[in-house]
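Which chain is which? They are A, B, C and D, in the order written, and residues in each are numbered from 1.
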Amino acid sequence: MPDLAGVVRAIADEMRARPDRGEVARYIPELARADPRAFGLAVIDAAGTVAVGGDADVPFSIQSISKVFTLTLALGMIGDRLWRRVGREPSGNPFNSIVQLELERGVPRNPFINAGAIAVTDVILSGHQPREALGEILRFLQALAQDPTITIDEAVAASEKRTGFRNVALANFMRSFGVLDNPVDYTLGVYFHHCAIAMSCRQLATAGRFLAHSGRNPATGYSVVSPERARRINAVMLTCGHYDGSGEFAYRVGLPGKSGVGGGILAIAPGKASIAVWSPGLDAAGNSHLGRIALEALTKRLGWSIFGV
Amino acid sequence: MPDLAGVVRAIADEMRARPDRGEVARYIPELARADPRAFGLAVIDAAGTVAVGGDADVPFSIQSISKVFTLTLALGMIGDRLWRRVGREPSGNPFNSIVQLELERGVPRNPFINAGAIAVTDVILSGHQPREALGEILRFLQALAQDPTITIDEAVAASEKRTGFRNVALANFMRSFGVLDNPVDYTLGVYFHHCAIAMSCRQLATAGRFLAHSGRNPATGYSVVSPERARRINAVMLTCGHYDGSGEFAYRVGLPGKSGVGGGILAIAPGKASIAVWSPGLDAAGNSHLGRIALEALTKRLGWSIFGV
Amino acid sequence: MPDLAGVVRAIADEMRARPDRGEVARYIPELARADPRAFGLAVIDAAGTVAVGGDADVPFSIQSISKVFTLTLALGMIGDRLWRRVGREPSGNPFNSIVQLELERGVPRNPFINAGAIAVTDVILSGHQPREALGEILRFLQALAQDPTITIDEAVAASEKRTGFRNVALANFMRSFGVLDNPVDYTLGVYFHHCAIAMSCRQLATAGRFLAHSGRNPATGYSVVSPERARRINAVMLTCGHYDGSGEFAYRVGLPGKSGVGGGILAIAPGKASIAVWSPGLDAAGNSHLGRIALEALTKRLGWSIFGV
Amino acid sequence: MPDLAGVVRAIADEMRARPDRGEVARYIPELARADPRAFGLAVIDAAGTVAVGGDADVPFSIQSISKVFTLTLALGMIGDRLWRRVGREPSGNPFNSIVQLELERGVPRNPFINAGAIAVTDVILSGHQPREALGEILRFLQALAQDPTITIDEAVAASEKRTGFRNVALANFMRSFGVLDNPVDYTLGVYFHHCAIAMSCRQLATAGRFLAHSGRNPATGYSVVSPERARRINAVMLTCGHYDGSGEFAYRVGLPGKSGVGGGILAIAPGKASIAVWSPGLDAAGNSHLGRIALEALTKRLGWSIFGV
């Protein structure tokens, strides 16, 4: 049995030494400022042991990783009725594609592409003011991460709002099919803000623990979702968590995971650990280049792939 | 710990009692003759214990399940160079869609849609006569299943050949992009025949054991593929094994699996068991209706989901 | 030589007697109120003779017919550079499709689908306030129709603005590709308003005369565009003027024409006449049902098809 | 009134002097051998005056231009029922696209894309042996061109048969939807052969005269089709005759026309003339580069555009 702390440290060292770093996302000016040399890794196992390496305590923009938590919240609110609003099949398309949305009359393929996450946000918003809905999302993450200091990076949210024309297009397109209930501006406001939440690898790995342990956070004993729902969220992460790089991630890493264009990835080793990695450089599919490589090394060395040892 | 034999028997009984059976595939006359009341289930665990229920010894047309074995063979022949010919991303499209093939210039999305399996067959054929290539595939399956009586149902193969216009279209389309090397008739001949191999649930579960146990069949000690390759084949099965119902299968069953329009499904519980189920009635995505329900019940009762207990 | 006035009157009578009327557009509440029994026809020949029938003096919402005039204006402003912003090929898709826009990176297929007309409006707006640009478009139409009383139906514009989610999506989508220069709200504001201009058949036929006579209005002697540009605008009308019903219109009517969902059609018989017809009921492709039938009868009886007598 | 013979001669001289020639089609070896310097032009006016320039008597492979004549034949056989098999809308896609065919369940957009022409050929074949159907097509062209020496270039037909994988794909794809009635090999055999008919510009312009003169060849007095059908065939040529360059051709030339990858174009000036041009170099959309430029010059100088003088 390899030593977790040693493996994590070794991988962090290897990653920081690599010359290949991918390309930092440029489509939001605020994200473009990230340091491509940054690398952080945090792993929390079933016993609660925390192993960290590199910049594991530096907060970064979680971006699409927030979609895992909004999905969890929305399922908690309306249960399986959510699946009338959004599918759960891989899309075979980039994260912001609108083609599928036209062919399927405004119902997004899954909750982890942008359109799907906007539809999920619309469900959370329902009957509330944007500020309240956003507060609920933020408090949910603070509770999961056991850290009330987690906040939204308003500069990132404002930047996204100024430049997120594609997301405005997706939301209005869905609205034209009657798939969204709330004013588009409200839904997008909440969406842009929850994508702009800033967390460190340590905080993120803590927040993800319930998914690794049958829906229950072992530290708090608090049951976030049922065991079945935890399995199902993991399944959706596996098949849809990395846009049109989801097959590649499953093939190489072998864990359910969700990436964000801020360079973070949350990965779940069911029964074993919750893992967060961060490195701002992205690959062609928009997923963290070193993040994926680090996770591949980690699962290999620890034998954590869900597809066999 | 539930009793495996008892669980398998109970599920078989429950399935045979259900009135909902899906629709038997009609597009090949030979398949349309299958009895919709048939149901078989076979599970072989790590210790080699075989638990069967229902029509577990009745041979059926494995159809697309053969794609798992041709993928294994082709990877054995040319290794990762295979991935230049075919991708490994979920397609988000039905099994016989040609749209994606035009957009991506003849390179199929993954080896489990028809176009991808034809490309894989073309690799196996390379430099051989169709008869030889087909013999190799058949002998491979006989060896894996430890049963030399396994044969091809020539009536099904001939029926497919007479009516498989869509597959002829896919193959010629790829040929027009230079993706196939052999004469289209040769490649399709082998493809139609390996899809027409007939096996029982017991034979199929036996043949799949290497995927459950790090590439090695525990009964023979014979290492079919490396542990890493076994994991990776499982990953492709999870993300792509059920066409545009792959997300649904992962969500409900939580195991890597591959279905065929003959109503069979091979599913792998890594480290735990190889499972084959058969019931000819299909759901809207072309996967066995009762087969999927039975597997969902099985993983739930035995706690075998790869996404957590 | 048939008598123009007699033919027009006869057709108007026949149309008003027909039971089949198509479906009035419902997607804007204001349009849904139109009387399906309304029918108007106005033809102005080279000599300036005006023949009218039915409700030829009742104003209706010209909707997409305005796209002919905005195209004319934009070509006057930046000439052939316009074709860097928008293509001139038929789209083979419905008027509000977004699929093509993603595949072709935000450049609309032609100026007569919604996306293309929004791009054209953006060109007209360039460097102006929305109010000024709109004033220019309105004054252009008043001058062409020789009628300063033509106005915008503000209720229709407001209704479109409240419900035009699809157009908001198209505009933001193009904006995300950098194809629009102005704030999306400005461009859409002008677009919604010029679609809401109300004109009668008589006014519309008058405004279209320059296209029938080598770019020059015979009544005023005023040359609006060069003969070559008039021919070219007619060509774009012929190939793209009726969305995915353009082939059908060319086949049956044989004249360049542009339809609007308000039920109007402007048609040009080069060298012979400018024609406007109106009937609110639409066919499946969104073009006036009786309008098309009336034009087919008219060109047949007068031998005006551009494809031969 | 410009002198027709002089204009034709001048254009032929100008074209032969131009350095830009486009790219000779390479996808069939036989076509790739064509001399890029070749240029021919033949115009026959209503009075029967023939004006020729350049290589107007050199036979070339008419390729897709044959689709005009097979459409005419098929309409003669089953009339408007043909339109149940094939649409008449521009496709907005390249000549050999299969995407649209999947979305519209095997019904091709129009008779001038490959899929549509194959469907039309299938109608002509119906109830005949391939040899008979082909004989009928050839004799029809010989009669129209008043020249019994016109033949099929067997080397081109054989080359197309050996390499026409895309067309085999299209035909089998349609067959899978039940859109073709005859064995695919038969239909394709006839299709490949009628595309391989060789004609000179003079022969082609003669054969097209009925389309310029209300369906009747003025030289023979023989009425090939009704005036209405001639107009309608011209309309389909205008909207669909140049694949995804149809809008461009209408915009620049302003005549109904049909191009072939052999570099020929047949164009019709209704009431005025039948025109054939040939130059093997193609533009990006697969249409003769110099052919289009020559026709643009011709219509401009003679004022023959159907969209106005």
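Just so it is clear, a residue touches a chain if its C-beta (ideal position, glycine included) is under 8 Å from a C-beta of that chain, and two chains touch if they have at least 3 such contacts.
All values reported here derive from a predicted model rather than from experimental measurement.
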{"item": "Most widely separated chain from subunit D, with each centre as the mean of CA atoms", "value": "A"}
{"item": "B-D or A-B - the one linked by more C-beta pairs in contact", "value": "A-B"}
{"item": "Between subunit B and subunit C, centroid-to-centroid distance (C-alpha), Å", "value": "55"}
{"item": "Intercentroid distance (Cα basis), subunit D paired with subunit B, Å", "value": "47"}
{"item": "Between subunit A and subunit B, centroid-to-centroid distance (C-alpha), Å", "value": "32"}
{"item": "Touching two or more other chains - residue numbers and ranges from subunit D", "value": "none"}
{"item": "Contacting chain pairs - touch in the sense defined above", "value": "A-B, A-C, B-D, C-D"}
{"item": "Subunit C contact footprint on subunit A (complex, rising order)", "value": "97-99, 101-103, 165-166, 168-173, 175-176, 184"}
{"item": "Of subunit D, residues touching subunit C in the complex", "value": "87-93, 100, 109-110, 211-214, 227-228, 230-232, 234-236, 238-240, 244-248, 250-251, 254, 256, 270-271, 300, 305-309"}
